[in-house]
Amino acid sequence: MSVSNLLENWSKFRHTHPVDDKGIPDWEAYPSDIKWAMSIDLDACTGCNACSVACYAENNLPVVGKDKYSHGQAMHWMRVERYWDEGDNGFQAEQGARFLPMMCQQCEAAPCETVCPVGATNHTEDGLNSQIYNRCIGSRYCSANCPYKVRYFNWYNYPEQENAWPAPLNQQLNPDLTVRTKGVMEKCTFCKQRTYTARNNAKTEGRPVQDSDVQTACQEACPAGAITFGNLHNPESQVAKQWQSQQVDLIKDIQEKDEKEGNRLRGYRVLEELRPYPSVMYLERVRESAV
Amino acid sequence: MGKDIREDIAWAQINKDVLKSLESPRKLYWVIIFVALLVFSVGVGCEIYQYNTGMGVANMDNPHVWGLYIASFIFWIGMSHSGTLLSAILHLMHADWRKPIYRFAEAMTTFSLLTAGLFVAVHLGRLWQVYYALPYPSERWIWPNFQSPLLWDAMAIFTYLSSSILFLYIGSIPDLAICRDNIHQGWRKKLYTLLALGWEGTDRQWRNFRVTYLTIACFLIPLAVSVHSIVASDFAMSQQPGWHVTSFPPYFVAGALYSGCAAIITLFIILRYVFRFEEYMTLPILKKTVRLTFAIAMVWTYLNCIEFASVWYSHDQVAKDVLIQKATGTYAPFWWAMIFCGSVVPFAMMVKKWQTNIPVMFAVSLLLNLGMWLERWMIVAPTFSHGYYPWTWDHDQWPSLIQWGIVFGSFGWFTLLFMVFCKIVPSVSMYEVKEMVYHRSQARKKEERAVQEELAVKGAH
Amino acid sequence: MTENDFSRRDFLKVLGWGGTAVALSGCGNTSIQDGQETVTSYVTLPSYVTPSISNYFNSTCAQCDAGCNIMGRVREGRVLKAEGNPNSPINRGRMCGLGLSGVQAHYNPDRVREPLLRTGDKGETITWDKALGLINEKLNGTKGTEIAFVTGGMSGHVQALLGNYMDELGSKNHFSYEAISPAVLRAANKKAYGESMPRYRIDKARVVVSFGADFLGAWVSPVHFSQQYAQFRKGSRPEGRGVLVQIEPKMTLTGANADRWIAVRPGTEGVLALGIINALGKAGLSIPADIAAVSHEYTTERTSKETDVSAEQIEKLAALLKERTPSLVLAGGAAEGYAHGSQNAAAIALLNRVLGNVGKTLEASASVPFPQIAPTVGSRSSLIALNDGLAAGKYKVVFSYGVNPVFSAPASMKFKDNFAKADFKVAFAQYMDETALAADLILPLDSAMEDWATVVPEYMAAPEGAGSNAYAQMSFRQPMMEKVFPDTRGVGDILLALLKQRTADKYKEFEDFYSYLRSAVLKNKVALGGKAGDDDEVFWNETLSKGIVPLKGIAGSVSAKASAAGLKLPVPTDADPSYPLRLIPAVSASMRDGRNANEPWLQESPDPLTTIVWDSWVEINPKTAAKLGIVEGDIVEVTSKSGSIKTQAYLFPGIHPDAVSVPVGYGHEAMGRYARGVGANVFGMLDSVFDKETGELALNETSVKISKTGQRVIIVKEEGPVGGSQAGKPKIAVQVSADKVDLSKEV
Amino acid sequence: MSKRYLLALYNNFDEAEAVVRELRNSEIKGFNAADDLVVKSPIEHPEVEEFLGEKSVKVQWFTLGGALTGGLLAFSLIAGSQAGFYSQMKGGKPIVPIPPDLVLTYEMFILGGVYITVLGFLICAGLPAKRSPLYSAKVSEDQIGILVKGDDGSMAKLREIFTRHKALEIQEEAGR
């Protein structure tokens, strides 16, 4: 606690991210030059669930079993949603199904962060929502306020009481991150353990982080390569190029796309209008009309 | 209609009657204590199981992370409002009929706040780490998140609880002194001696007492309003459809007063019988309370309609969907039951004959409370089951028996605390009833004198 | 604090084991199971191990037959995760959910840990010496013709060793069985293009018309085809964004990704293919005379009537195919699982010839120059042969490895009873599955992450560039860590031990399968890409570390020789009124034939289309369901002539109203805690109808009726109460018409 | 000089008032009506204040001080701790956001006010206290007590006044 600190740096403490009150980008709020972001091409996504399984493998997600699944207590950080076209007679299947991999959107102005009573979920300097398991007391307010409902609560003590990894399955657990006990919230971290290593390695080598340094587990697995991940602040990264070419701007809640070309682009963000400034851009699924 | 408090009742009689309640209530008292203990132990059993196994046994799920615990939390917070808030308002307005009933109403406040606090504990996934929410200085300079409405809640409730306890306590000091003077043995003597702080009723004490009591009452009114506004902020400050409603704070405050008044009626009737307070908790007082409750019921109904209307006429399709879901979806029976209990049943209180009919009012007050409990559930649950994201909709979430058990147990806990309190601290304020009787008889005398003078003037002619 | 307790304790354990496990990897019979090995300090770790930094070992996935090349991520002596090998032409660094779950097969708590001998109804644990001795004893005096060995598809040096063993036994009864096999496809391809597995170039096609080939899900080499598909969908490709049309009665994952999914009446795929040819002719494409002679009968009206596909749709499709070339037409399981399956496949193959795709999007493949290690592909017809032999009492000793016929044979074959007729049955098993339970001796196998093997994929994907037409590859499967259970053995080791029983002299130089494999590889150093002068040790290590051995293969050739001669498609008849619906056993990407059912990630990972977990279900078209009065969650009885199952009904828009579909792979009665009792086994109720040409079991030829049992459950699934509806929300999963977007400039 | 105490009980306020008036007007040596006179009553009675004369109450100053301290303390502590915790931003909000801090400031304002008021009450009313030696339980029931303190010499006079006004009971006690 430091009142002198407060008075000296008052203007600094009034920075907001990603935009200030007038809608002007306020990057000074960021102490780092990294902003992790993702883009997912729904036209390439086949809905095969490999990303989801990869997430189980990478992030020590417990298998909850049929009974708990039936109570909606599944722990898949990455869920693949399947939608149908809707017609007069119910669902139409003539153009297939639509798949949407949905995980934490790592919002810039995340609704979950402000409501946590203990500050267990915060914005990191590389633009993620962090979730501090040790700090979490399980009020579940973050999940209540998440518009995407991508936060998953440990309703049970999976590692111990529920024996989610009966020996020797427990030897598969990734030692780069912890298993979570009952009563804490968890969610997609954009494979924090991987991005963190990548940042450190790049720092050691004295260079900025590149695309080749890090892949998230889902991106790495995706058989169709639908997922792109990288540093949005690095104009050389694939993800930055995609966002730019799709005219999707992180700091806008309504994308002002170029009038002529813009409506022929397919980048969008889910529930953007709620102004959480999500870090995941989706590319619309395309369907041929000629057949 | 029954008689009001006799003005010529001897003050010593008041002491005697009230002190008797500390010693020999009706048998029903023990029945209530026993049942409450039983109900409470059911809740305790459920909580032990839930604590050991995990929150999953409550049958909450991932979109539906809050359940009856939060609903009951709001309910109990709401219930707390009438006691202290009404007591303070009526005190400022010099409404003397408050005097025989305010003590138990304030006790109700305190204990329902304690019950609400119980739900915080029950709700948390990691109760054992709850101290993280306290702003204690730590080596790492980690603080709770002061932006979270839950933290405001904690702060507001702490303030409210401690202020209410102080208000209740300060107001009881003269009565505790009476107890001290009249009970001469055992732990009670020691307790009353300790609590009475050596009160002697000197002019200096009374003088400071009056100002203090008035000041706290003044603080309590905005505080109580802020408390339930902040509880409403838990919802209104969120981004969820059905919660993000501007009118929530006044709506919550009205709902709180409403359920509190209903609870006062319920407890009024119970205490009146159990402790043989027929002389003090008179039917005219009941009638006044009932009328007040009716007025608040109408305010609540109005605010309810405002909420629906503002959703209905807005362009927020998502919020509209939630409203439609409430009225037609799986929660519809409960939602309509809430409307019925909250907005239709109170009309029974318009019937003059029923206003002082104890069985009818008892039933009505219970129904009102049920309606208000349902209201809280209908605020919490449908938004989870029908939020922004259709994929995660979950219309069939039904609380498990464990969850119901804990909610059930909380009523036992409240009753237990309340009934034990009433057996230790006089639940009718003796000194204030004396004041009331005194002032009324003074007023009567004045009136009579005026009449006599008038007669004398007439006679002189 | 409890939460820390768990991770820290385990973490320390792992650190303790780490050094030894890595150092001893691959030799001896130690394991990490009991954790009693000497704790090795970090000081004495092998030079390539840095605590907390992962090592990657290249290997080959064993979860299905595609043979994807993987890298095992190993930390402190434990394999944690399988990741794709980026140098692989097959999966190019990618993985599917099934492949990722391989670690759960490895660490599975239900693995068989010791050799077990059945005595009566009981099993007893015996030593390996005793077990092998027992086999020797039983084989002595048994004629070669009385010995049978049933395996799945095989390849590589294990297969070579097995071949040697069978030769030593004097037996020719090696049955290669796959429950779900593209056997009809192979035969039809051979006939139509001259090669059973040509390379498909989805990435080069502008239009792909797939008759039930679930190439994104479970068909042949799905991860590879997913890569191609990603290319195919790129608008920035010179050919522009490709168009996928899927024709099948039950929507597969590929169907779900199609631009147009056409629900064809089950079994009339061939008719539709000919109808399209006819329409193409009408549209002005020149049709070779021999084909036209057959196809002209299939007027659009007739085709439409028989196939239940609208005339307009057929014409649109023909117009698209004519306009956008090259295209690629695929035939898959849904079109081939009939008595006339080969005919269907042949008719579909005609389309590729008519459209001139052969040689453009259908390329010649290459095969490995060593026939002993070339893949032996499995089929169901070989199971039929085995079953007939067993029924006739021909086989006294039966070995089974890597297959579970007791589970996956139709009940009407009475395989279980026939299997019991053999005197001595030996199962090489990783789980106590249904077949292992029926065996007399169970030999516990190493997992694919503990064992040595070489793998030659059947579908030979090739990298881009020169020489790709002669590209073939062999890949290594190598242990990534110490054995999890000490008493399991690799199949190569077991076969070697058995061979030594027969002819000790020939194999005495090989201490174990590892040394056999090493010497076999070093012997062919030059053919495997080395130079004659290379140091053996260096060559071996380098080859192993790459995991993939590119070979100069024998280039094949494809030709457009598909002919309509002899093509005869049956006229669809009205359904039998007592069994009005066609049952389509669905093969899902994760469950396949059920061999991986005990891997919990696969059970918990929702079926992509229905989002159901942990159970089987029957998909019914909402119209049919309405007629039958069935709602979602009704437990229905699906009855065929040969059997019945009870399962939950799921109303599914992606299925033809005349068909119902039940996923295969569920309904295990044994195997382990995650598989047992989950769902119902649809294999059991299939009718014994066979493809007339190949003799392959016709999977889709079973007709069923459906009746309600009166029970109803809430289906455990990922989707919510509104199903796949977006409830009018504007921008969740957005779809846009191709003419409304400009994909050419996308990055 | 030793002081003695005298307590007289009366039936009602009118009688007590008369006694007090007389005591205030009397000039008895060794007895100062302003300091040495205490009225004990079972209820809070504004008339008592009237006939005892205005005496200032200082509790409200405590209230003011408490409320202001509470509010100021709240804002400075909260904003200060947020500023010390600046590495963790929240949901697009500034590190030191004003509206939430004001909510808490408001609560602390009231909390400080109430607590310090109660403290002030205890101090001003002299509580907790040992009971004075001359105390009758009747005072908490229905009688008015008048307690006086005076020199030995004044006792007789005081007693006489009490008796004249028909005191129900008179107790005498030596000084402490």
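In this document, chain identifiers A, B, C and D correspond to the written order of the chains, with residue numbering beginning at 1 in each.
As a working rule, a residue touches a chain if its C-beta (ideal position, glycine included) is under 8 Å from a C-beta of that chain, and two chains touch if they have at least 3 such contacts.
Treat the numbers as computed from the prediction; the structure is a model and nothing was measured.
Contacts with subunit B and subunit C are shared by A.
Two chain pairs are in question, B-D and A-D; the one with more C-beta pairs in contact is B-D.
The chain with its Cα centre farthest from the Cα centre of subunit A is D. The mean-CA centres of subunit B and subunit D are about 30 angstrom from one another, to the nearest whole unit.
The mean-CA centres of subunit A and subunit D are about 62 angstrom from one another, to the nearest whole unit. Centre-to-centre, using mean CA coordinates, subunit C is 89 Å away from subunit D. Here the CA centre of subunit A is 33 Å from the CA centre of subunit C. In subunit A, the positions touching at least two other chains are 1, 74, 79, 81, 83, 111, 114, 119, 157, 184, 271. Annotation for subunit B: residues touching 2 or more other chains are 141-143, 145, 147-148, 151, 388-389, 391-392, 394. Shared interface positions of subunit D, i.e. residues touching 2 or more other chains, are given as 77, 81-82, 84-85, 90-91, 93.
Because contacts link the chains in a way that matches no line, ring, star or complete pattern, their graph is best described as other. Every pair of chains meeting the contact definition is listed here: A-B, A-C, A-D, B-C, B-D.
Contact residues of subunit D toward subunit A in the complex are 76-77, 79-96.
Here subunit A touches subunit C in the complex through residues 42-44, 46-50, 52-54, 56-58, 63-66, 69-70, 74, 76, 79-86, 90-100, 133, 157, 159-160, 166-175, 178-181, 184, 217, 220-226, 238, 241-242, 245-246, 261, 263-266, 268-273, 282-291, going by the rule given at the top.
Considering their complex, residues 38-45, 48-49, 52, 55, 57, 59-60, 63, 77-78, 81-82, 84-85, 90-91, 93, 97, 100-101, 103-104, 106-108, 110-111, 113-115, 117-118, 120-122, 124-132, 135, 137, 139-142, 145, 147 of subunit D touch subunit B.
Against subunit D, the residues of subunit A that register as touching in their complex are 1-3, 5-6, 9-10, 12-19, 29, 31, 107-114, 119, 122-123, 125, 277.
Subunit C meets subunit B in the complex at residues 714, 719-722, 725-729, 732.
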